[in-house]
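The following block contains the structure, expressed as structure tokens.
Residue numbering begins at 1 within each chain, and the chains themselves are lettered A, B, C, D and E in the order written.
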Amino acid sequence: MLKVKSLNASYKDLQVLWDVSFEVRKGEFVVLLGANGAGKTTILNTISGIVTNKSGVIEFMGTDIAKLPGYKVAAQGIIHVPEGRRLFPEMTVKENLEMGSLFPEAKAKRKETIKKVFDLFPILQEKQNQEAGNLSGGQQQMLAIGRGLMALPNLLILDEPSLGLSPVLVSQIFDIVKEINQQGVTVLLVEQNVAKTLSMCDRAYVLENGRVIMEGQGQELLNNEHIKEAYLGI
Amino acid sequence: MSLFEAKNIVKRFGGVAAVNNLSFTVEKGEILGIIGPNGAGKTTVFNLISCFFPPSSGEIYFKEKRIDQVPAHDICDLGIGRTFQVVKPLKRMTVQENVMVGAFLRTNSTAKAKSKAEEIVDFCGLTKFKDYEAKSLPLALRKRLEIARALATEPELLMLDETCAGLNPRESEEAIAIIKKIRDSGMTIIIIEHIMKVMMGISDRILAINFGSQITIGKPQEVASHPEVIKAYLGDDHA
Amino acid sequence: GSQNAAGSADVIKVGIILPLTGSEATFGNMEKNAFEMAYEELKAAGKTTIGGKDIQLLFEDDQGKQDMAKSATEKLVNQDKVVMISGAYSSASTNVIAGAAQSMNIPLLVTTGSADDITKKGWEWVFRGAAAPASKYTVALWEMLDQVIKPKTAAIIYESTDFGKSSATGFRAEAEKRGIEIVYDQPYEAGAIDFKPMLAKVKTTNPDMVFAVSYLMDASMIVKQSKELDFNTKLVVGGGAGYTLPEFRENAGEASEYIASSTLWVPSVTWPGAKEFFDNYVKKYGKEPDYHGAQAYATMHIIVDALNRAQELSNTGIQKALKETDLMTVMGPIKFEDWEGYTNQNRPYTYVVQWQKGKLEVIWPEDVKSAPLVYPVPNWGER
Amino acid sequence: MKNKKLLLTIIALIAALAVPLIIKAPYQLHMVILILIWATIGTAWNLLGGYGGQVSFGHAAFFGIGAYSAGMLNLYLEVSPWWGLLLGPIAATMIAYPIGLICFRLRGPYFALAMLALGEIFRILFTNLSVTNGAQGILIMPEITSKVFYYYIGLAILALTIMTTYKIVNSKIGYYLVSIREDQDAATSLGIPTTTYKIIALLPSAFFTGLVGAFYMNYVSFIDPKIAFNLVNVSIMIILVVMLGGPATTWGPTIGAAIYIILGELFRATLGAANVLVFGMLVCIIIMFMPNGIIGALTNLGRLLRQKKGWPGGTKHESI
Amino acid sequence: MVLFGQSVISGVLLGSMYALIALGMTLIMGVMKIINLAHGAIVMVGMYVTYVCFHQFGLDPYLGMFAAMIVAFLLGCIIQKYMINILVKVESILPQNQVLLTIGIMLVLTEIARLIFTSDYRSIATGYSSKTVFIADMSISVPMLIGFFIAIAFTTLLHLFLTKTDLGKSIRATAQDRDAAVYMGVNSSKITVITFGIGSALAAAGGSLLLPIFYLYPDVGQLFNAKSFIITILGGMGSTMGAIVGAIILGTAESLGATYISMGYKDLVGLIMFILVLLFLPGGLKSFIRR
């Protein structure tokens, strides 16, 4: 479904991605691993067209999207729940959710999807008329994911969704991601919660200094010595 | 008397109480962890202590002096340093200059501030990056810079807000090592963190809150096995 | 600027500073046109060549800013080596140029700037001929008020600028002398959209007459809104400027009817050449000149006259020639005299004019009037 | 490094002292004096705006008060307007204090707009009050005509201003100011009383602006409220001068002033009716393509040439 | 009593004349966070368009208003697309450099107008320019009354547009976080361009409403910048209802100030109100009105 081939990307004159290749197949749950600053967020932003200084091929369902501007990528059904949530702080929770469903198909089902999101995150329903900026960190994260779901995505990209969440919410969020995946949405996830994600995912890629150094099944990597030492700190 | 004491503090935003009648003490030299679900009011507690806004009611004492009405900048002078959950680096200043700004609290001499900063930059393992602008650092280092800058003000009480969030296990271990080093130098610390492994490892006591009120306070093991904490915060798989 | 020094040998340079861009550019350009027109006429008459040297006009743009006026003066005097300066339009610029001219011992002939101060400092290098001190615009008006109208109460409204304030001060002083009660006396900031609050207040004081000093568009706003408020008084007199210009009539429409004003010049004055100037200007530039144009036109004549009479074309020579000026111009006879604390100041002739049936008629002084005064003016409802 | 800087400063100073020996034409010298005036205002503004990040749109207030101090001394006490050089800066500083207390309660654009409003308030007050001679302004007779004299006074004022701001900027206060500019919350958490330090920056800024205002009055010999408190021609021009040269740099305002004055006069003298139009276009182009001024653009270029590699993409910092 | 009534009526009507201009400002400043000192110049452009329509094609100013809005919309789009959008991409020490850009734009627009139309004052005389109706001795200007109703209509429309339509929400979303809006599939540069365009069109409409009763010249716009700032802050940044209420409050305050203090201090009333609101009511009227 998503094929990335020899992707290079830079900020100004500083190159951060070097010849990155990976793929995500339809219905899969793929994880990107890597230390801080390895370039995970950069990869995701390259896909969704926010980082423009790049070369290489990004193919989504057969079409090359590498040259598309960001907003057209979203129109393809790739929805990115960004690092740091990036909500619209002065809009209400409900308006934030509505902003998630701007494309015709999603808009047609707006009411139903909102209901589903509220079922997933009851706290959002409770706070639906509050400004998003006044939510606590965890609530904001839920809203960000909810907003992503509103678009009825083909491919859902999540960048560290568990960041700053309480343990119970972390498990909840992972459960939800898993559930979304099982409902047929393809998921590409970046996480620091290495043990947990590796045990859940189908496949994973390991990134170091902007290069893919390893790939494999989740369980398989979990037992890898290098991974154990560098990421699990065992 | 304890080094720090909060008495029945309340903070309301609009009608909602983010912190609701919370009381706790911190003893000299200990590490107090604060846990609680998202939106429980942890960061708000820090903001109250550092007087970013005044409490709706209640009293806060530090070294037996009441501090809840003093201007925010005096808090640091009194000996309370903090970091921010959402890091706030002084972006276009170098790492060293960031730390110098902290060090200037205790000296007026540029030379002294500089040497002090160098010492602390080294202590936090940032020497390699001391001439880089703060905006070019990755998150892990920015968080460490927050700690370094707060340390430079020579606090007696240091408040750390999710300094390990977003770090991978390996990096958080490095962060923990630094925090332990700080404690060993005799500083008192209040720390907020969601990663239980970290909290269990370094806290002397843990305060668990929900809806702005205390659930329980005590030894890490006791708190972690408190049924209400499990229910509201840890979830069943942690039990 | 050393190349220019060599060139200055065979031409006589005269520097003229005007606002050619910026918000005062309308008048600056009108004056520039009038200067040029006069120059060409004088050239045709062979007066612009003196001892084999041609008079050359150097125009500098001050954008209506005193900073620029200072720079322009410096440039003209020190780089272009002009023998004398003329200009400027605004009082602010003229003030600065006057100070600079005085300190550099260069003759300055003021074209328009009307601040009283300019010729009240005893500055021997500063001359004001075609322009009057603002407080003297009303000489004819007071004659008329004394002889015909004899008001008991008056209201003064004026824009808070140099010209407005000087005019109001002058009017107030004269009124006090005569025991006329000033029932309303306030400045306003130019450019307001709504004068009704002020006018409504004036209306409650019910004055015999209103003396208003306004720039162009404020003038028409004030009379239009007086009409809208149905504020009737026996006579509204403008203090010059805004109330006499063609645009006033155009913008105020019927509300301009019977509004009077004091002024320095109208096309129908009897001074020789005035009518020709007006007609030629209209023919040449397709626009009607107002008194600013006449001032510039007359100033050009004064300059050429003085330069022709000067014993030598040095600063002192020109100063002396200017001082001895006795010339008839479209603005009337020009002489630089010292009186009432003024130095090198021509005694201005002033007029009172009134809009009647869309035409600006001279109603005072008696001997030059083109139409009789309409007084008291009918109420708005009856016009 | 340090020695080199010192050497350069000394060379610059000697060159500056020698200017009247080289430029003898009064007209050119007049331009240079205007440059000195604007360089001083810009440097003073830069302390608060460039380093402290408190962008003031109301510095005309201080300029005007300085100028009026000189004018009113002459008008009422009939003493030499040169005494204004003493009274002007003091008056401006005294006015600045309450202004600071009021406006520094606001941040960012709100602060900028409040200062804009205050500048306008002063203009309206000075237009309507009769003690200030209202709209008529104050005209004085310049006592000294030698341009060289004005040049050296102007130079001394600029040198004093640059030296003082340099000292401040490289001390604790400077670090505090920059930290306030970068993140006020962080600064507060580090124990910096932000309002106090903003005022500490405002007072000298107002002082020197007032000083140069008084000098301006002596030099130009006439002011009225429209000139002295002008929003576009003073308050905004100051910012333009600083932006042009490079905010938060020692020499930026001076370079900016030189360019501003020279180009402005060149355009005025040569371009005729289109001169302001061209100037406006130039402003747009400079801001769009040199957001950190000429010095900023040059250092950026320097960086590109010098620094090619290095993690983490960080640009090494030039001294603040 | 008549005097007081007359002042209040004048003030309310005057305020409503400011309202549309301020509405444009609140969209550009409040929603897009751009301090736009070229706003007045755009009002001026709108006025000239209306003027030309009237003189060349005999178009009534209330119809010319639509032509002015279209021209100003395009002009605003161009300014945002080719100038401001380029500027926000480069990083600078002081974010306020964007203000200076708008000053440059103001100079350019004003001088272009001057080259075309010279500095002459121009006005149009319509049959209703001076029409008034009297209520108990208090005069009400008909064109101002028309302006009042048009202002209310536009405000209501804009309010509904921003809160009820997806495009309106996208505008607000883009203002708050450009990149985040892109993640949602919003073409955020296009949105900023449209927003600036709409803001400019409203400003031009405000100018057109003034034309029957006022006059124009190239610098006329400067009269409106400060007023629109005051109103925008007074009403609360980005609040449409705040803008119109703020405008009317400012108009009334100016009017009462002119009557009871002095016309010379009229503008002072507004400015002092401005500073007081900044200090003591930082959210503006918005805090009361609730968007």
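Assume a residue touches a chain if its C-beta (ideal position, glycine included) is under 8 Å from a C-beta of that chain, and two chains touch if they have at least 3 such contacts.
For each chain, UniProt lists the protein as follows: A = Amino acid/amide ABC transporter ATP-binding protein 2, HAAT family; B = Amino acid/amide ABC transporter ATP-binding protein 1, HAAT family; D = Amino acid/amide ABC transporter membrane protein 2, HAAT family; E = Branched-chain amino acid ABC transporter permease.
Just so it is clear, the model here is predicted, and its values are computed rather than measured.
The chains in contact with chain A and with chain D alike are B, E. On a Cα centroid basis, the chain most remote from chain D in this structure is A. Greatest Cα centroid separation from chain B: this falls to C. Chain D and chain E have centres, each the mean of its CA atoms, that are 31 Å apart. In terms of their C-alpha centroids, the spacing between chain B and chain C amounts to 74 Å.
Each chain gets one centre point, the mean of its Cα atoms, and the points for chain C and chain D are 37 Å apart. Our note on geometry: chain B versus chain D, Cα centroid distance of 42 Å, whole angstroms. Counting partner chains per residue, chain D has residues 124, 127-128, 273, 276, 312-313 touching two or more of them.
Residue positions of chain E with contacts to 2 or more other chains are 93, 111, 114, 262, 264, 267. Residues of chain C in contact with at least two other chains: 21-22, 25, 160, 187, 189.
Every residue of chain C that touches chain E in the complex is listed here, in rising order: 21-26, 29, 157, 160, 186-189, 191-198, 200-201, 204, 216-217, 220-221, 224, 227-230, 247, 250-251, 253-255. Across the interface of their complex, chain A is touched by residues 13, 35-40, 43, 85, 138-140, 162, 165-171, 173, 194, 196, 232-235, 237-238 of chain B.
Residues of chain D touching chain C in their complex: 25-28, 30-31, 34, 124, 127-128, 134-137, 139-142, 145, 220-222, 224, 226-227, 233, 265, 268-269, 272-273, 275-276. Interface of chain D with chain E (complex): residues 49-50, 53, 55, 57, 102, 105-106, 108-110, 112-114, 116-118, 120-121, 124-125, 127-128, 181, 232, 236, 239-240, 243, 247-248, 273-274, 276-277, 279-284, 287-288, 291-292, 296.
Looking at the complex, you find that chain B touches chain D at residues 50, 52, 71-77, 81-82, 84, 88-94, 97-98, 100-102, 104-105, 107-110, 113, 129, 131-133, 135-138, 141, 149-150, 152-153.
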